[in-house]
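Written below as structure tokens is the structure these notes are about.
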Amino acid sequence: MKFAILVNEGPYNHQAADSAYRFTQAALEKGHEVFRVFFYYDGVYNANRLQEPQSDDRNVGKLWSELAEAHGLDLVVCVAAGLRRGIKEENLAPGFRISGLGQLIEAGIQADRLVTFGD
Amino acid sequence: MKFAILVNEGPYNHQAADSAYRFTQAALEKGHEVFRVFFYYDGVYNANRLQEPQSDDRNVGKLWSELAEAHGLDLVVCVAAGLRRGIKEENLAPGFRISGLGQLIEAGIQADRLVTFGD
Amino acid sequence: MLLHTVNKSPYERNCLDSCLKHAVKGAGILLYEDAVYAAIKGSTAAARVADATADHAVYVLEADLKARGMDAANVVDGVKVVDYGGFVDLCTEFSAVQAWL
Amino acid sequence: MLLHTVNKSPYERNCLDSCLKHAVKGAGILLYEDAVYAAIKGSTAAARVADATADHAVYVLEADLKARGMDAANVVDGVKVVDYGGFVDLCTEFSAVQAWL
Amino acid sequence: MEDETDVGVVKKFMYVNRKAPYGTIYALEVLEMVLISAAFDQDVHLAFLDDGLYQIKKGQDTKPLGMKNFSPTYRALEGYDIEKLYVEKESMEERGLTPEDFVVDVEVISRADMATLMDEMDVVLSA
Amino acid sequence: MEDETDVGVVKKFMYVNRKAPYGTIYALEVLEMVLISAAFDQDVHLAFLDDGLYQIKKGQDTKPLGMKNFSPTYRALEGYDIEKLYVEKESMEERGLTPEDFVVDVEVISRADMATLMDEMDVVLSA
């Protein structure tokens, strides 16, 4: 099946980002296609490449970047939500791209299921 | 009276940041001293200097920077919370400084009142 | 005596209810942001706020009422409408401030 | 038929209650993150979840139970414990997914 | 945009609004999403339940907060052919609101009908 | 740090924990704040009420989530002379918990006593 994932919250403060990551990983392991992961609202902070958690903690941004690298995932950050909060090309982590909200609607149309993780 | 302000949430997503700003402004207008404004949890995102909201919207980071400039406010971003989320010297807005959580405890001790804004 | 602040809708979260269970007689309660909805007559939350005025000084922030299209004239009897300056004053009048987040 | 997901504590927010009022007979309900507390026997929320099992297939995410020190053996009767793979399967079995945020 | 919008599929989309405006940004950013969705020729539904009803309350004046009052935008939805706006009756009554309190024309439906409507959707977006 | 900590004032600080761990970061970052506060020789109180009680539940195993299990740290507080930990009885009973469920020794007090204690504080920190 074809999944689209919507991430509404930033890393660390809410488990939503971790849950979305684990779900995406599980869907891929089951052989499903993940059409797109879209980052909206505070979710855009997942793409901040300057995240530097303590050494015994996970780096949520890096987890996404690695998953994208390994599976050719399409990680899309909403341009409007990102601009407002200051997530732009200059601080974007590897594997993410910035685009419009239309990419989310398109994902909703193209995917068989859209699954939202938020607060 | 001497106030300390604690900001728990980032700009835009939660009104907490706006409420803290308006409260700080009102306290200064009343002739009170604002000993320190401390940014913790997602509150550290207030200090992201890349914020670029739509032209008809307020820029929360800029409002803080301007208030600090006008009143010599001490705006302190928690170093640990900031590192985790990727708010560092390189993307810090003017008027903010990065320091440890001890600065919050000290503010609690030195100020007559500590007022918290969060989610 | 504490000033308790509540900023979440009484329908969405347990903050107001928990605050009301922990505020001692004479303590102040300020409703602001989405908590202002609790102070509007005719809503199911209004009764709780009306009851609270018997033991507490209850306040609601004017700017948050206005933003949400709520008329100050429709606020539960006994609840005082304050501006941001009034919020600051309340903080000085009570001994400390507890935010129910 | 929808799969409803709830990730907030039943004590803190109205998400579970609102979900239960809107899930049609036969719809699925998955409790994860802080919502797993609702599925634990002996809590005041457990009765609502137990009632829900009459009309709905109710699931709880194992990893979130474990993280919170909650024993899968203590889960309300009729609630099925699933892992992340099971969460994915549920999404495929129901027609769409609604998150109660 | 052309090839994005021309996908030949029409799905039932529902935007579920359960949160009050201003306290959090969700109401505003959902509305921005709804406006974009107009370009895709999908079957769009807006549901207002729980605190979401407050989003369309008349008389909002955000000047004292220095925030943008986006409530007039709901009136612009009609121009984008987004006309299926549903308000839940029980949520309305709990809050002491009436249909006259809203900035837009809405269809007031029962909680049971809202539940049935939700269950017919292909894509449910919530925040 | 010397001149920060040597302020000659001892205030009653209370850290109010009302939220569950892991779903949000507040429990962890409050704990980091409590640890730092130990250096300031203040009169520190930790209150666990509502979902905050879940923070000190025994048997937490976060490996499947890839998150840090910080519950053992509550046991380290004693070494920092932070020993005033209060759990609210009513919150405990609503959740079907007992004093044996907690990773640390706590004093279980009634809601009325919790209210009185809170009201005696000079600084209340919550998240």
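We call the chains A, B, C, D, E and F, going by the order they appear; numbering starts again at 1 in every chain.
As a convention for this text, contacts are C-beta pairs under 8 Å (C-beta built on N, C-alpha and C of every residue); 3 or more make two chains touch, one makes a residue touch a chain.
Quick caveat, the model's predicted, so the values are computed rather than measured.
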For this session: Would you pick out the chains that touch chain D and also touch chain E?
Result: A, C
For this session: Compute the shortest path length in steps from chain A to chain D over the network of touching chains.
Result: 1
Exercise. Taking contacts as defined above, which has more of them, B-C or C-F?
Worked result: B-C
Problem set entry | Chain at maximum distance from chain D, centres defined as averaged CA atoms | B
Exercise. Among the chains, which one keeps its Cα centre farthest from the Cα centre of chain E?
Worked result: F
Seminar exercise, completed: Cα centroid separation, chain D vs chain F, in Å, comes to 28
For this session: Compute the distance, rounded to whole Å, between the mean C-alpha positions of chain C and chain D.
Result: 33
For this session: Mind checking the centre-to-centre distance between chain A and chain E? Centres are C-alpha means, answer in whole Å.
Result: 25
Problem set entry | Junction residues of chain E, two or more chains touched | 22-25, 50, 65, 67, 123-124, 126-127
Problem set entry | Residue list for chain B, restricted to those that touch at least two other chains | 8, 12-13, 15, 22, 41, 54, 57, 80, 114, 116, 118-119
Problem set entry | In chain C, residues with contacts to at least two other chains | 7-8, 11-12, 14, 33-34, 63, 96-97, 99, 101
Exercise. Which pairs of chains touch one another in this structure?
Worked result: A-B, A-D, A-E, A-F, B-C, B-E, B-F, C-D, C-E, C-F, D-E, D-F
Problem set entry | Touch list for chain E against partner chain C, complex | 19-24, 50-51, 54, 57-65, 67, 69, 71, 94-96
Seminar exercise, completed: chain B partner, complex, touching residues on chain E are 22-25, 65-68
Problem set entry | chain D-touching residues of chain E, taken from the complex the two chains share | 16, 18, 49-50, 111, 114-116, 118-119, 121-124, 126-127
Seminar exercise, completed: Per the touch rule, the chain C residues reaching chain D in their complex are 11-14
Exercise. Chain E touches which residues of chain B in the complex?
Worked result: 12-15, 18, 22, 54, 56-58, 63, 119
